[in-house]
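Please read the structure below before turning to the comments.
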Amino acid sequence: MNGSASGNRFRGVYAIPPTPFDDDGELDERSLRRVVEFCVMAGAHGIVAPVNASEAIILTDAERLRVAEIVVEQTAGRVPVVIGVSGISTAASVLYTRHAAQIGADAVIAMPPYVKHPPASEIPDFYAAVARAGQGLPVWIQNNLGPVGTSMSPELLARMLRDIPEVAFIKEESEYPTQVISQVQALAGDDLQGIMGGMGGRFLLEEYRRGACGTMPASEVADALVLVWNALDEGDEARARELHTQLLPMLNYEALYTYAIYKEVLVKRGIIASSRSRVPGAPVLDAENHREIDALLKQIGPLLTMGMHPKINV
Amino acid sequence: MNGSASGNRFRGVYAIPPTPFDDDGELDERSLRRVVEFCVMAGAHGIVAPVNASEAIILTDAERLRVAEIVVEQTAGRVPVVIGVSGISTAASVLYTRHAAQIGADAVIAMPPYVKHPPASEIPDFYAAVARAGQGLPVWIQNNLGPVGTSMSPELLARMLRDIPEVAFIKEESEYPTQVISQVQALAGDDLQGIMGGMGGRFLLEEYRRGACGTMPASEVADALVLVWNALDEGDEARARELHTQLLPMLNYEALYTYAIYKEVLVKRGIIASSRSRVPGAPVLDAENHREIDALLKQIGPLLTMGMHPKINV
Amino acid sequence: MNGSASGNRFRGVYAIPPTPFDDDGELDERSLRRVVEFCVMAGAHGIVAPVNASEAIILTDAERLRVAEIVVEQTAGRVPVVIGVSGISTAASVLYTRHAAQIGADAVIAMPPYVKHPPASEIPDFYAAVARAGQGLPVWIQNNLGPVGTSMSPELLARMLRDIPEVAFIKEESEYPTQVISQVQALAGDDLQGIMGGMGGRFLLEEYRRGACGTMPASEVADALVLVWNALDEGDEARARELHTQLLPMLNYEALYTYAIYKEVLVKRGIIASSRSRVPGAPVLDAENHREIDALLKQIGPLLTMGMHPKINV
Amino acid sequence: MNGSASGNRFRGVYAIPPTPFDDDGELDERSLRRVVEFCVMAGAHGIVAPVNASEAIILTDAERLRVAEIVVEQTAGRVPVVIGVSGISTAASVLYTRHAAQIGADAVIAMPPYVKHPPASEIPDFYAAVARAGQGLPVWIQNNLGPVGTSMSPELLARMLRDIPEVAFIKEESEYPTQVISQVQALAGDDLQGIMGGMGGRFLLEEYRRGACGTMPASEVADALVLVWNALDEGDEARARELHTQLLPMLNYEALYTYAIYKEVLVKRGIIASSRSRVPGAPVLDAENHREIDALLKQIGPLLTMGMHPKINV
């Protein structure tokens, strides 16, 4: 497998829309449609939801399924949609996966169950169950640190890539993730059809050089990340590094204040209505945070190809 | 509040039925009804489900609601039913609580959300939301260690007991739980209408002496625990201690092998059909474990007032 | 290997004296000598220190070495001494092990480093370094749950038993420990020269039946545990179970209030001077705890072969 | 307190030298002297060691004290030295603090004990003991996330700043650290004489604007960070942001591969002899990592005021 090759089924910036809520904490469907639309218009090569950056860990089952439906519907086949099916148990992930298959998703992505985490010996059965539920849908393994993720060794990943036909893709963001990208490719060979980086795209250049076929970041500056990716894919690493460096302070701020940044930037850009998060302990921004976001947005202004306030017809 | 007084609305052994599954991992409704029936016939003073010992952390939302319905239906008002409404988010707990109110539960019990745990400052809002959703239902706070539970200080517990009228009961199993039972009573006074112990009943005698109005254990030897409780309530501490000591090796084995013991003992007693657990990493018993369970069951034979193989008409 | 066989080099109750402090938190050497003497007089078959129950995790290096010296000196060859050499790094464990070899210890016991825990791939190097530092001293692996312990698989244990000649003994108290006792024996065969249980002796009967050659408990009721062990070794399992059941409420209370019980019982028995603990968050007993300890001591009075207040000439 | 004011006793970039080891894992004293010398020559406004970035968690007590001595000796009063005294217990921190006072350190910095972490109620006693041991030395509180750090609320920090005269400084790197910098200043007023940021300097601009009087980063690009700080202190935020953005990819890489980057960059710059780390699980760099470091060093070349290969006379 070589991420730099052109034949990948899934390739590029796979943006993760957040799950917008209204002031009562209810799902804001219109804002969700608008942010999906923004991602597609911004040139994202695919859409991934609901996953960690979508606050999937606090959605009820009904909300999970509704988010998936809206995302598939709004994307309308323009780019691939990968539905997040991580959950509290195999049964939950199977439920989400069956639904994803029914509504026409292009793939699913899962971490192992995350209230009690399975030991390594039980993880292949989990992914096999997800694969069966998907009835042929490609399955992405998300390799992620705890406490929500379950870190899996390159050897375990390679074994599942070999043994479960639908399991052919990895999103890698465990410890020392850029190294793992190399290790999994070396171990899995052709059993691996694509590996993407995570970590908000903060290590995208090295991931690309190591063979990653894309990245799955949050969506608030998806247009800027697409710009970086396209420079990479045009072979202009110097230009990519320059753009990436310019973008990095914003990506870092996102890493620090997470949900609040994913959403507040989208609010400031006029894409979603509220930055409310439902995750326990989510940060609440103060005036100085807002000043910093504004400074960072100004700094990356030239990279926001959709403009600071994109026009979205939803 | 004095747990030894007779006026408690909730008092005694509140048994927790497990959630039985069939060999495909599907909810085995008949076995669930049978274990609920066993608990009532065994003299349990109340029923609590689905909570930790019911594998609530791996049930889908639909399964959670179905378990609650069956438990309320099968109990049929003979003893109070406390529905477990802990979940991954306030929204999930609110969903379960509304349903509990609709189906006629007598109370709900909740830990704070458990994928990401709220900081102390956000916990009162969580319980207030549960209380509102219950439309007057009494609310139990379950004070429990991580990684699933969220340990709350006696001060925080007392503040919520004071500020949220429906919050009037505690199940205590945090660090140094017998001390906390005393501390919460001292701080909360009449705002606390009842506090029960947990920890499988292993510290029941001291909890009773400190004012606990009951205990919420698993159900596989509910008849034996009722015997201990009744001795306590008849004022015969010496007899209670003797019975409790005889029972303790079984309670300890349950603490070590958890779900496997809750269920396997019920299988051996002919009450449920399968000991299958769906919790990741749940123990799988070997031949020597079975030998030990048999030895322990023999040891506590005289305490099993329902007989080793109770006759249950469900 | 068969724990029931008589040929074991280390066999029986290996008692762990606590590290007594005076009211300023300084090492109380006389009390330490007295509790070591108590253990030997009580019939303990060996002494283990400083380990978890000795608050080893909060001792300075100088204190660690001093405790080891006193324990070896006071035991004076009457029974084997196993020196605890777990520490914050390989360098620390090597330091303690070299010293143990110099002062004439009979073996050392170690968990992997515990501030940052090594991944499984680095653990054999740790034990190999300890083995080298011991210059021939037998090495015990302590298999223990986090956050202080590092849980190791039976496969990893067996590999180290095979590859590192000095590593020939296990203290097992990871998840599902009685099963692991069987699994390690099956995998390691003759590479394993002895495996002891931990968990305060609460599962001693099953451990014995599974082939354990002993147990490493705290010391405050060492005389009672020796009684149970000797019944087992005399082949009288029924008697052993009866004694063990009588003792279990005390062992459970010890499991709940840990350091406070290890020490307070020794204070009540007149063996050490103060129950002060230096471990952060260690419990402070209240009046009701004292009442419970007194009740438990009364219950096990007949098992305290040294008498409630043993006469110790130190 | 206002970090932008000029009167701070401690102010600017307080660089943290790593603890260099030779190939046997022994302390490499010459390399340590050279990196201290580099920091001073690079314009660092102070030196901090041994702390997290110095692998303090795996040093024996003797090594801790030796590192402290060398750092004080080599710095020779040219800039203030803050000795790290975090340890496994109050006794350990007291030991290190007494020694720091004896050897002429300018201050000490401590996290609470980190094998078992104290509950909030015990933390003031810990810092009071450190303060007493310092005999007047200023004490910094390091507010840091787990598992090694203990996160303390702004309220608790303010209370200790008020109640313990020597405690007058904070290094802040808990959750949402830039917000905490504002919150502590608001709560503590004049009781706080200085607060520095951590997190490798990745959020330095916002920290400065919020009143931080400095930052405590690792040392491998100390010259570049001094450049950023000086631009800030000259009031040229635009220039500072430009420099900081240029530097950020390297700071991020350091955040991902930690010890390996702290040391390998210093090796590549000819300052220390080996990049060996003794922390369990520390990353081992592969060829692609080296390529990335080289690219990053090239990118920040103009910011390395000491030159890529500084001449150091030690």
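First chain written, first letter: the chains are A, B, C and D, and each begins at residue 1.
As a convention for this text, a residue touches a chain if its C-beta (ideal position, glycine included) is under 8 Å from a C-beta of that chain, and two chains touch if they have at least 3 such contacts.
Remember, it's a predicted structure, so these values are computed and weren't measured experimentally.
Between subunit C and subunit D, two chains of identical sequence, the interface residue sets overlap for the most part, with shared numbers making up over half of the total. Chain centres computed from CA atoms place A at the largest separation from subunit C. For the pair subunit B and subunit C, the CA-based superposition corresponds to a rotation of 180 degrees in steps of 5. Subunit B and subunit C have Cα centroids separated by 34 Å. Chain centres here are Cα means. That of subunit B falls 48 Å from that of subunit D. In this assembly, the C-alpha centroid of subunit C lies 39 Å from the C-alpha centroid of subunit D. Listed for subunit B are residues 281, each touching two or more other chains. If touching chains are joined by edges, the resulting network of the protein chains shown is one closed cycle, each chain touching exactly two neighbours.
Pairs of chains meeting the touch criterion: A-B, A-D, B-C, C-D. Within the complex formed with subunit B, the residues of subunit A that make contact are 25, 57-63, 88-92, 95, 112-119, 122, 147-148, 278-281. Put simply, subunit A touches subunit D in their complex at residues 175-179, 182, 199, 202-203, 205-206, 209-210, 241, 244-246, 248-249, 252-253, 256-257, 281, 283, 286, 288-289, 291-292, 295, 299.
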